[in-house]
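Heads up, the next two complexes both have chain A, just with different partners, chain B and then chain C.
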Partner chain A sequence: MIIGLYVPGESIVHRFSAGPKLIAMFCIGYTMAVVDGPMALATLAMCIAFVFVFIAGLRLQHLWTATRPLVIWIGIIAVAQIGIADAQTAANVILRLLALVWTASIVTYTTRLTDMTAVIARLCEPLRPLGVSPDRVAFLIALTIRLIPAVFDTVRGVREAQRARGLERVYLAGFIPVLTRVLRQSDDLSDALVARGFERWDGS
Partner chain B sequence: MTARDTVLIALFSALTAALGLLPPIPVPLVPVPVTAQTLGVMLAGCLIGPKRASLAILLLLVLVTIGLPLLSGGRGGLSVFFGPSVGYLIGWTFGAGVIGLIVDRMGSTLLASFVANCVGGIGVVYAFGIPAMATVLDLPLTTAALASAAFLPGDLIKAGVAATVAVAVRRAYPEAGR
Partner chain C sequence: MIELDQVSIRLQDRIVLDDISVSISEHRIGVIGDNGSGKSTFARLLNGLIVPDSGFVKVQDLDTRNDGKEIRSRVGFLFQNPDNQIVMPTVAEELELGLKPLKLKVADRARRVEEALERFSLTHLADRSAHLLSGGEKQLVALAGVMVTEPEILVCDEPTTLLDRRNATHVMRLIAELSCQVIVITHHFEHLHDFDRVLVIANGKITNDGPAKLTIRQYMETLT
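Presenting the complex of A and B:
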């Protein structure tokens, strides 16, 4: 039911492993924070868009998906910045935002969920002395991904039950049975984990 | 961490994600669409204690980072952490914890839950969100605060809804907080 943002492909960007891709993203991001001036930033943004479409092999449709949440912000920046400062500052802020968001989107669109999870688990490795186990973190990620459709099914079930009784649009009344139901299911789930030795598993 | 802690953290993370999938609710007199997602942050804080609530929201952010479109409006991936809303997302993690702390201290009455939701779910979240927005958009703090004020009526309604729901859920299922 939930599908990750990953877009399958064979490009050179896809074949790079997740760690170096993330490091490259932070380096490019840092460069963009330092670079100033609309011409320089516009060139950078064009380069990122070029990589996005021609080197990573993603479609224009994906570029639009990445840009769409920013449209309203671009409007706000244009109005506010031109009011406070000038058009040049507005252009700087908008171009920098676009370039940063496109760079991060390239990484998200070309990296598998499992590879990203592995990076997260590896990043948790230094936290082991604090009681954080990388394998448990990976388990939590997997468990949550599984639980989202389960919670959504419960929401749908409660909604249908209320509709059958003639309740149509009651947001507040719907939340209470949903929560008590999922909390009860969570008791069964934790019993199942305990029965399978979860609490004795040290996560290694 | 016990099995129960693990399951509750995953559950409230999933619940907050599922609430983000619901379509925004239009509210009369409120200029911006009210999404149900922050209800998940407030409910986690009210129901499962400060530690588990913060971890549940942190886990949701991890899921978003690895590339799942779980934020309201189908947003997700690394790019949200470069956008203007980054501060609000980070604020959720701390806000859920503060709500849990206040409810632990003041008891889980309707008034205490509402106050907790306002302080943690609005105060703390805005305290992170507004400066981050001002930085990303290169705006003065006051302008960023003014832009956030559009969300205040919706957030106050949600604080009330979450408090009411949390109190009712505790009555129906007293073991929730344990």
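Presenting the complex of A and C:
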């Protein structure tokens, strides 16, 4: 699993800072919500795909990577919406979903995590008088994002070890080893942060 | 100068380090020994990640029990597994992270990161995902992440254990060339021949201590 989806590049989208990109993302999201009709939504989705590939300079493979997790949901939404309403409603929902995910992907693929967390830190700035350290909040978010795939890797490692020993369907037996490994990794990471002086960092 | 005086560490009912006294002032020091001999605990004592149950550890006249934070600002630590050390998504961000506690200006931070990237030949990987690099590259990133803070002493806990021979040699060559004092805990004692001093730890005690080549040869004789 990839940690930090940032794809290095020199495009104009890459050069924009995180703040304007996030504002643009919300504006596009709002537009997608108010625009109606499959033709208009399809045009907007195509425009976003165009920006994705030709202006942001990302590959079609990245577009597919962003779209792949949606395939099952698109199927479920199509069946459900056609059953409940009609094909046009289904198309509207699916096109909105695709356009929103592609827009969000453009932002995550072209923005470094630190730039993103810097925006979060700025947004948290008003909370400083309440004792909240914006930089610490931003760092915690970055750390959490980094740990999610690490936990997935641990689960996969334990599952592989179980399968190698013929324990194909004993899912519960993996819980304790996963928990033990995750706690050990947390200890190691905590040691590494202390060793790098993070106990001296007051978050400013 | 690092000084350990009658240092003992117990883990439940097991004695991990037993009444160790040693002074370390040489430029490059190797520490070797079997698994479970207490080497990693010894390493963690040197920057105050662990404090002794009895005795004291002094680093440049600072006691790890009272001055741990100050000591850790002077003593860098390189862990065995870079995956446990690397936090940020890209190489450049990872190097910049270590500078946060130093409260440098943004321009100074960027300059130091750039210098470290260049020094460890990582410039071409600056924007790459640190977690998708090879084992050797990851260990280089971890080393650069420590060295970017310009520590006076570097402690390395088995930095080459997870690396192949080529990468292990490369990483050890870079470590040996550092101008700061370097203490390397390792099983790969072939990399320590040019070091100034080697300590052998067995069953929680320093059982041999001397010039690298002689001490390593004597240790190898105990293996056969």
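Here is the rule we use: the second predicted complex is superposed on the first by the 136 of 204 C-alpha atoms of A that agree within 3 Å, B and C clash if a C-alpha of one lies under 4 Å from a C-alpha of the other, contacts with A are read in each partner's own complex, and residues count from 1 in each chain.
Convention: a residue touches a chain if its C-beta (ideal position, glycine included) is under 8 Å from a C-beta of that chain, and two chains touch if they have at least 3 such contacts.
Fair warning: this is a prediction, and the values are worked out from it, not measured in the lab.
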Partner chain(s) touched by A:P8 [first = chain B, second = chain C, both, neither]: second
Chain B versus chain C as contact partner of A:T89, first or second or both or neither: first
First (chain B), second (chain C), both or neither touched by A:L179: first
Which superposed partner A:A164 touches (first chain B, second chain C, both, neither): neither
Larger contact residue set on chain A - chain B or chain C: B
First, second, both or neither for A:V71, with chain B first and chain C second: neither
Partner chain in contact with A:M39 - chain B first, chain C second, else both or neither: neither
Chain B versus chain C as contact partner of A:L97, first or second or both or neither: first
Partner chain in contact with A:R200 - chain B first, chain C second, else both or neither: second
Where chain A meets both chain C and chain B, residue numbers: 2-4, 6, 113, 139, 143, 145, 150, 189, 191, 193-194, 198-199
Chain A partner contacts - residues on chain C that touch it in the complex: 44, 47, 49, 69, 72-73, 76-77, 79, 81, 83-85, 87-90, 93, 96-98, 100-103, 127-129, 131-132, 145-146, 149
Parts of chain A lying in touch with chain C, wherever the complex brings them together: 2-4, 6, 8, 112-114, 135, 139, 142-143, 145-146, 149-150, 185, 188-189, 191-201, 204
Contact set on chain A toward chain B in their complex: 2-6, 25, 29, 66, 69-70, 73, 76-77, 80-81, 84, 89, 92-93, 97, 100-105, 107-109, 111, 113, 116-117, 120, 131, 136-137, 139-141, 143-145, 147-148, 150-152, 155, 171-172, 175-176, 179-180, 182-184, 186-187, 189-191, 193-194, 198-199
In the complex with chain A, residue positions of chain B that touch it: 1-4, 6-11, 13-15, 17-18, 21-22, 25, 39, 43, 47, 59-60, 62-63, 65-70, 73, 75-84, 136-140, 143, 147, 161, 164-165, 168-169, 172-173, 175-176
